[in-house]
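Next come two complexes, and both contain chain A; in the first it sits with chain B, in the second with chain C.
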Partner chain A sequence: MRPLYVSRTACITRQSVSVNGKELPVSSGDGRFLAAVYRTLGIDYPKFFKMDNLSKLGFLASELLLREDRPRFVPREDCAVICFNRSASLDADTLYQATIGPGEDYFPSPSLFVYTLPNIVTAEIAIRNKLYGETSFYICEAFSAHQLFTTVSHAFADSSIRSALAGWTEYGNEVCEAFLMQIETFPPPETALPFSVEFLTRIKNKL
Partner chain B sequence: MTCTMDELILKLKKEIIDVLNLEDITPEDITDDAPLFGEGLGLDSIDALELIVLMEKNYGIKLKDPSQGRELFRSIRVMADYIQANRTK
Partner chain C sequence: MGKSSFLRRMEEKNGLAMIVWAGDNIISSLGFTTEENYRAVWSGQSGIRLCDAYRGIPEPFYASQIDRKQLGDRFAALGKRPAGYTPLEQAAILSVAQAADQARTDLSAPDVVFILSTTKGNVHLLDEGERADSPRLYLWHTARLIADYFHNANEPVVVSNACISGACAQIAAMRALASGDYTYAVVIGVDMLSRFIISGFQSLKALAPAPCRPFDAGRQGLNLGEAASTLIYRRAAGEEHPHTVSLVQGAIRNDANHISGPSRTGEGCYLAIRASLEACAADDLAFVCAHGTATAYNDRMEAIALTRAGLNRTPVNSLKGYFGHTLGAAGVLESIISIHALTDETALPTCGFRQGETDYPLHIAERRLRTEKPYCLKILSGFGGCNASLLFKKQKKTDETIVC
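Right after this comes the complex of A and B.
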């Protein structure tokens, strides 16, 4: 197994938004927290507003990680996107279900329906950043640093994968939390840390 | 249900902005005769389906053939004309 390093991290909760441990001030006057983060980051991607909350959350975490890359949006086939959570797409599922009323009030929303799968978040990140490596999404009973570590490590068993955006993206049941890491194989800069179960436990506990 | 064409166009613009989550776009930004798809508002195929639902839910117009949308959704004015002539609610 090749040694893996975490070169960057992004964390989002309703209380705090940070990149590599450095907090970013976000003001959410109207209560639309994810939209406030979007505006704070100065992103111009109208499709964001069509996404469900889980995709918005993962998308913003990926923007926090990658927004200063120059050049950006260079197609890559060696970068995977791997996310995990507990509630799958329950938030979007619930909103979709609410559009299906009884009797004549039966108007299922196509735009909500397309987000009733949690792996759409990995697709949104991959599409935005032209990442053509593996994308996968895992639903767990609870956060497990060991499971996350093992699954992400296995993705690197494919020798064509040299990098991954991976992490925990949970939206639902009043929880809004995400951490996303850029994990790489090449010798890291001084700030990079070994990718490990301990690292994952630490970062999740900080959310 | 009775309203002038201008009132209907304004109502329709507000409904489209709401249902398609067109953030930062106001009714004034949507030209009555500008194309909704392609270079206009940049809507996609899922938006087209959402407009079909809107027509049925808000105006009682059921499009039996989704390809009708291609003609109907050319612009707000075309949509409004069709609604005015065919609405059942």
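Right after this comes the complex of A and C.
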């Protein structure tokens, strides 16, 4: 197997937002937390406001990783998007469920229903960045350094994959946490770290 | 030809390996064994029926459902009380138990991994007032429950990648086996109907007002269906072990276009097909088992992608007219039927198809076709613009031929 490197990291929790371990000040304002992060990053992507919370969270983490890339939005098939979490799309599920109550409360919402799949976050990232490679979503009981490492490493066995945006995106039951990495095969700049179970275990302890 | 770059790369690391079929089972509206299901499809039976007044849903719809009474009875015969398990859990466990019997494998062994494919798991419990923090609603919990039933201690893998999940789970199995981490992978695809799922597809105006007609010019939408299916794969060292069918290649690609609408150019589907055809010549394909949901957009998208890939003359079928769209189970169920059709030297017909479209004409299988070609391709597409392909290869006949 080719050695893999983590060239960038992005982390979002309600307490802090950071890129490559460096904290980014978020002007909280009076709005919601994820909208505040969106405004702080100065992104202009109105589709953001249609997304469910899980997609917003993953989208913002991917923007943190890629926003300084120039050129951006160059179509590529060699980059995979692989996310993991604990509760799949349960946050969106409960919102949709509220639209299908009994009797007169039955007004199923198609715009909420389309977000009741966890892999939509990987699609939002792929659409924004024109990534035609593999998109996958896996569910674990808790952040599993071992499963994340093996699953992402195995994805590189697909000979056309040279890079991946991968990590943990969990939203629901009071939890809001994203940890996303840019993982690559080519020799990295000095700031890059070997992608390994040890690296992921250190991250897990910080989340 | 015949070996994918993925397997070649893994071989460099782990020595020669093939990912071979070891056992399977299908539970659906058409029966509780693979044989019952394959025979029903072979003879043109469909499990799709009109469902009226389903749990307070105002509009009737067509769907295929697993017989709950039989499911409960058969599950009870395993020796566990059905009351402790949801119908989805019962169906999954019963399916795995039957596949394991066929594979003659001890699923509690440390070199066995469970891989679950489901889109919505026990989502019906939300409707029954289950709180959002109840473990029963979590997909990892469903997987753990199934693995625990078979005393398997390894962390199960759960794939939830919309309607292509069943293919993704097989690709995950292929990678886990080829890497040498495990010897057996138990791939389970399961989804059941619920008010949640039916109302959602109705709200998207995706359901047909009649039994679905994949690839037909007059198609009006899809039917939903219930299924639990299990495919057990084994890592075999090269050609030493006689076997019948192997999973040669698999790929996942995204349209990068829209979260709920298929690409107008079939981009992701085409790229996924191209990646799998790396390992086989188009001329060696017995058939392509398409996703073929019978929605206007999906079938057209697949027709474009297949045409772009040069497969417009290869026999193509869709199995949705027999089972409906079984969501997270579809990739596993339809792979099993395709594997058996491949060894049966048959391309199965597309139930519901009468007349094709003229702008992207395909060779849609209308009746059973005899074919001795060694490969078949399974393709799937789903919400989130995701697409997957799987390439299966039949080996020369041996004493271990699958009997269906």
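Assume the second predicted complex is superposed on the first by the 206 of 207 C-alpha atoms of A that agree within 3 Å, B and C clash if a C-alpha of one lies under 4 Å from a C-alpha of the other, contacts with A are read in each partner's own complex, and residues count from 1 in each chain.
Criterion: a residue touches a chain if its C-beta (ideal position, glycine included) is under 8 Å from a C-beta of that chain, and two chains touch if they have at least 3 such contacts.
These numbers come from a predicted model, not from an experiment.
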item	value
Three-chain arrangement built on chain A, chain B and chain C clash or fit	fit
Which of chain B and chain C A:Phe137 touches, first, second, both or neither	second
Touched partner set for A:Ala35, first chain B, second chain C, both or neither	first
Partner chain(s) touched by A:Val74 [first = chain B, second = chain C, both, neither]	neither
Partner chain(s) touched by A:Glu124 [first = chain B, second = chain C, both, neither]	second
Contacts of A:Asp93 with chain B and chain C, given as first, second, both or neither	second
Superposition-derived comparison: chain B or chain C, residues of chain A touched	C
Contacts of A:Val114 with chain B and chain C, given as first, second, both or neither	both
First (chain B), second (chain C), both or neither touched by A:Pro46	first
Minimum Cα separation, chain C to chain B, after superposition on A (Å)	7
Touching both chain B and chain C, residues of chain A	108-110, 114
In the complex with chain A, residue positions of chain B that touch it	19-24, 42, 46-47, 49-50, 53, 56-57
Partner chain A, residues of chain C touching it in the complex	5-6, 9-10, 13, 56, 58, 119-121, 123, 126-127, 132-133, 137-141, 143-144, 155, 157-162, 168, 172, 175-176, 178-179, 181, 195-196, 199-200, 202-204, 251-260, 267-268, 271, 275, 382-386
Touching residues (chain side chain A, partner chain B) in the complex	35, 46, 48-50, 107-111, 114
Touching residues (chain side chain A, partner chain C) in the complex	1, 75, 77, 81, 86-88, 90, 93-94, 96-97, 100, 102-103, 106, 108-110, 113-114, 116-120, 122-124, 126-127, 129-141, 144, 146-147, 150-151, 154-155, 157-160, 172-173
